[in-house]
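Just so it is clear, A, B, C and D label the chains in written order, and each chain counts residues from 1 on its own.
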Amino acid sequence: MNKVYFASDYQEDQEGMAPEILKNLETANLVPVSGYGTDEFSESARMKIRDAIGRNDAEIHFLAGGTQANAVVISAALREYEGVVAADTGHVALHEAGAIEYTGHKVLTVKGDRGILRADALRETLETFYADGNHDHMVHPGMVYISHPTEYGTLYSKAELTALRRICDAYHLPLYVDGARLAYALACKENDVSLKDLAELADAFYIGGTKCGAILGEAVVILNKKLFPHFFTTVKLHGALLAKGRLAGISFDTLFTDGLYERLGAHALEKAAEIRAALAENNWQVFFETPTNQIFVVVDNDTLRKLDETVVYSFWEPYDESHTVIRFATSWATPDRDVEELIRIIRSMPR
Amino acid sequence: MNKVYFASDYQEDQEGMAPEILKNLETANLVPVSGYGTDEFSESARMKIRDAIGRNDAEIHFLAGGTQANAVVISAALREYEGVVAADTGHVALHEAGAIEYTGHKVLTVKGDRGILRADALRETLETFYADGNHDHMVHPGMVYISHPTEYGTLYSKAELTALRRICDAYHLPLYVDGARLAYALACKENDVSLKDLAELADAFYIGGTKCGAILGEAVVILNKKLFPHFFTTVKLHGALLAKGRLAGISFDTLFTDGLYERLGAHALEKAAEIRAALAENNWQVFFETPTNQIFVVVDNDTLRKLDETVVYSFWEPYDESHTVIRFATSWATPDRDVEELIRIIRSMPR
Amino acid sequence: MNKVYFASDYQEDQEGMAPEILKNLETANLVPVSGYGTDEFSESARMKIRDAIGRNDAEIHFLAGGTQANAVVISAALREYEGVVAADTGHVALHEAGAIEYTGHKVLTVKGDRGILRADALRETLETFYADGNHDHMVHPGMVYISHPTEYGTLYSKAELTALRRICDAYHLPLYVDGARLAYALACKENDVSLKDLAELADAFYIGGTKCGAILGEAVVILNKKLFPHFFTTVKLHGALLAKGRLAGISFDTLFTDGLYERLGAHALEKAAEIRAALAENNWQVFFETPTNQIFVVVDNDTLRKLDETVVYSFWEPYDESHTVIRFATSWATPDRDVEELIRIIRSMPR
Amino acid sequence: MNKVYFASDYQEDQEGMAPEILKNLETANLVPVSGYGTDEFSESARMKIRDAIGRNDAEIHFLAGGTQANAVVISAALREYEGVVAADTGHVALHEAGAIEYTGHKVLTVKGDRGILRADALRETLETFYADGNHDHMVHPGMVYISHPTEYGTLYSKAELTALRRICDAYHLPLYVDGARLAYALACKENDVSLKDLAELADAFYIGGTKCGAILGEAVVILNKKLFPHFFTTVKLHGALLAKGRLAGISFDTLFTDGLYERLGAHALEKAAEIRAALAENNWQVFFETPTNQIFVVVDNDTLRKLDETVVYSFWEPYDESHTVIRFATSWATPDRDVEELIRIIRSMPR
């Protein structure tokens, strides 16, 4: 019997691309275009993204992946003596194999709250740094990194994001938003941060394609262009310039046509809602509430062993001696039948 | 009137992918697989490549592009105090926006001969370095880089490659071969260096996909595994780990099925041969003979202005006050009708 | 009225050099020698250090400072995908302005115990890393860094150091010991780790000169030479090669003649003992016991304001709302009269 | 019989420090001052240098050596996508073990003229770079590096330096001058570039101490402060912050008192003039004329073998099959008696 896959939206169970994108890829296949993101598909995608974010002057570059986008954007913005401030659970702090440090910069961590870098915690960190007369011997904060949704599937409110922005302004720090799973925020009813808000509040952010139905690619959106001169060359020296720019171009051109990007996100959220409802009905314990496509559940270890037979999930962390926190994730491609099967399994093990 | 495109095999006129690959991409689209190159397509591609190169123990990683592959392989192999030796025309020396230096290493250039790093020139460089009693104050040679075909479309003979290997052995230097356009060497009748020879003579090389019909990707083949411990993590920290590994996996799985890789190369070479024949018939001056998909022609500047109206070519270098060297390049995707049109144009301007 | 200085052994109140060294510097001043540490003074110093550590084959390099020595040694030993493991209070983690990260490597912190990296904590960290099936996506531990004495003035016992060594052996990790204040350990009666023990247990360590009476300089002692090939060139590329090698050469040649290094350390410890006795007699609260030249005291904030008038000390951390932890440090150069004055002040404020 | 040493001003025959500096070092030895260059000697040195260069607002940092100063200044000024432009004979291009590349930046070389980067050659390089429409794929010029005197002992005229400055202005490039041997330019009657001129024409330069009589150290003078924010922290992260700042402080405080710096330079030039006169009188062939402390002589190989018995010189390069170019260098410390002996030797071998 096959297991159903809910471990991750990208790692253990990765599908290809949204069918609409595949269709456009086929149509365009033998059309010759120029390389390195200067093609007409990429240009069209840039126009549509600029329209969606309400900033005609934004500079947009398509990179192949999220770790790469983070390393390039962060190191391009920082001076040698600066580090990037992030929640201690931030992707750049924990899950990128030292890619930020490889560019020569320290990640300055602040204790996060379920993945969120709270404005108060950021302010306190910055106040402490500048209060200390001896900070000349320390790494200077040079940029603030957050992700939306966070690595825990939680969301910033617009009010929180605005508060972060004000602190960044007070300390002359650029704000960068990692949107690896942005589709799963934008389609979420609890989310009040629009693309236009991101473009207004961030100095740079990226719109995730790799985890949200694209062939591949992340659209790095630069609002504060003075901070990133000659970003094309910077991308190239990092080995991150995508020769086959058409792949990302066709992806984002299609994702930003007829609301596909939000629709793909919405599918994942609907599926997550069905699973949440089944968990609640059957009295499963949620670890903490998350509004997006990731669901954290506390399971006793006997149940876990039974789940192992039929479901692929992510181990998150031990809860206590006899319980474990696990994660179910849905995605743009989660099949209805898999959700039905997972719900059947949940129902078969009421708490 | 539309121009015909012969400027480059990837930059100004880039097509999508070989139709056989597109077909497999479609079939696999909604098949869930694991990410980061651990998928079944990538695994199948690795098996086929291992078979083709005659080394079952080779470690194979798929990266997104050539500059990236070069930077990751070279910096992974070098110690801090080492640089990479390359012909002064080598891609790593001239055309990578400082990507090698960004990893902290100098490119030690040796005067090349039409793109080729001659064994004698390499030996002399190494002898001079080690003869100098004071080389502790200098960058140590740590790897030898060549490309096959070279940036000039020329080829190493097996004898030359073997001579380079012997020098590398004498100086305990690894040999790395950049095969960005390897298909255009393998399909060439003048070429006597097989994939098996590369696997025997090099410590690492890459099989180019991006410029040879793949969706995207380069297959980095590691023969000397001790030199590259934990290469997966190294790739990730460079931001070079392809989350959507399936794209390269499907590409190389297909390219190494039924000889597609050589067939794609052969198409480019046939088209180049047709153009060469037309040039010869009409007494156009070839700058220097090249056996692969790049053709260098000396054109007087009046002719150049006329060509500009109908053909897109590459400017190579000034020849003298009234002549210019230009390049025509063919590729796996060059349409027959474009070649016919170019030949018509050549015939219309006999020398 | 002049204040007495006990803030630091190097930062706020730094003297020149031990008079014995000054005398030798004068004598040698116009003797021409070769540069870059190849001079006869440096060579003599190396011989004496090799003798003192009981390893005739040790490779010894003199660098100008501690941050530099740490950055060069650590980055020379690590592969790209590796980071250095240190206590969270380690100098490389907190106080080096990102110098380790600048070389491209992450500092992997383990919760320290009063500055000490406990063997159990290290083992647990390593077990967790290797237990996690997915550690290919993480920075690999590549070296263990400790300092002796620690940044808190505490000491490793020989048993603890041996336990760390065994774990390092089990995980094939080199062990590196930062001895910035090593003189203050070697002269300490609570210390049971000799120079010979360090040479036996560490792969590399440095003997601090800058904070211990030298003109300047740290003697980097390499025991595991295979780990550091061509270290001379590595030092140079870091900009750390001291052209005026004679300065460190004369320093260490003198420090390792007639037990000067230990005598300088002993002076600081005697002065610290006198201060400790006065604190105890007058019921001042010690924050935690330290055997070396740093004394941590809990002081109520009213007393602190009075102290401010006559003593320069270091602020360490807040203790509670009305108390503060401060540090007094002695050094090789602390004058007797300053200690007498500090004791007078302590007596004037009994608890 | 002892040989006389004229091989180098720093490498094979390095003396300690000018006696005036030694005297001040002794006087100050037990004076406690603050560390890291914040001491009163360093502050006094800064005031005197500011006075000498006519710029009260200049920021001055003391670093331990020249390679270090170059690496820190250059990498601090460059953005990631930029390289430093230098003559192909420049110290940063050839003699620094890859220290610039280690900071992630390429050295963009321009063919030099006896060590000098000619304004025309610089202009041509920059024009070519910006003329090429495709320079987005190339390393951007980000700073111009020259040395005065050059590595060949030659000098820039004020007119030439001004011409370089104008080109730098036109291309918005900072100009940096390496003054490792600046004393030997300032004291030279052929030199018309004063310290005030350097301060007016350069964005940053350094005044060499290590090769010019200091204990150690180079005074990095920053005129364009916006280009180097938080330079103190930048210095520290490079491991280049001199804890014992007093050493450089006392050196430069003394060097810039009563014209000592120029006097030390003048001594070397007088000794060089005496040697030049003897060479001319005895018809020795000078390779090319140099006005400073380095003399290049063409010697037949028989003579060379005889010289080997009594003189230590530098091998420069082969001249032809039977002749060799060698270098004699004088310094602030060259003893009169050694010059007399060298002259005696020259006279004993008239051409």
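Just so it is clear, a residue touches a chain if its C-beta (ideal position, glycine included) is under 8 Å from a C-beta of that chain, and two chains touch if they have at least 3 such contacts.
This structure is a prediction, so every number in the text was calculated from the model and none was measured.
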| item | value |
| --- | --- |
| Smallest number of contact steps required from subunit A to reach subunit C | 1 |
| Interface numbering overlap (same over half, different under half) for subunit A and subunit D | same |
| Inter-centroid spacing, subunit B versus subunit A (mean Cα positions, whole Å) | 34 |
| Centre distance in Å when subunit A and subunit D are each reduced to the mean of their C-alpha atoms | 51 |
| Between subunit D and subunit B, distance of the C-alpha-averaged centres to the nearest whole Å | 42 |
| Per-residue multi-chain contacts in subunit D, two or more chains | 80-81, 96-98, 102, 104, 137-139, 233, 236-237 |
| Residue ranges of subunit D touching subunit B (in the complex, touch as defined) | 80-81, 83, 95-98, 101-106, 137-139 |
| Parts of subunit D lying in touch with subunit C, wherever the complex brings them together | 5, 10-17, 19, 22, 25-26, 28-36, 39, 64-72, 96-99, 102, 210-211, 215-216, 233, 236-244, 246-247, 333 |
| Parts of subunit D lying in touch with subunit A, wherever the complex brings them together | 75-76, 79-81, 104, 136-140, 229-230, 232-234, 236-237 |
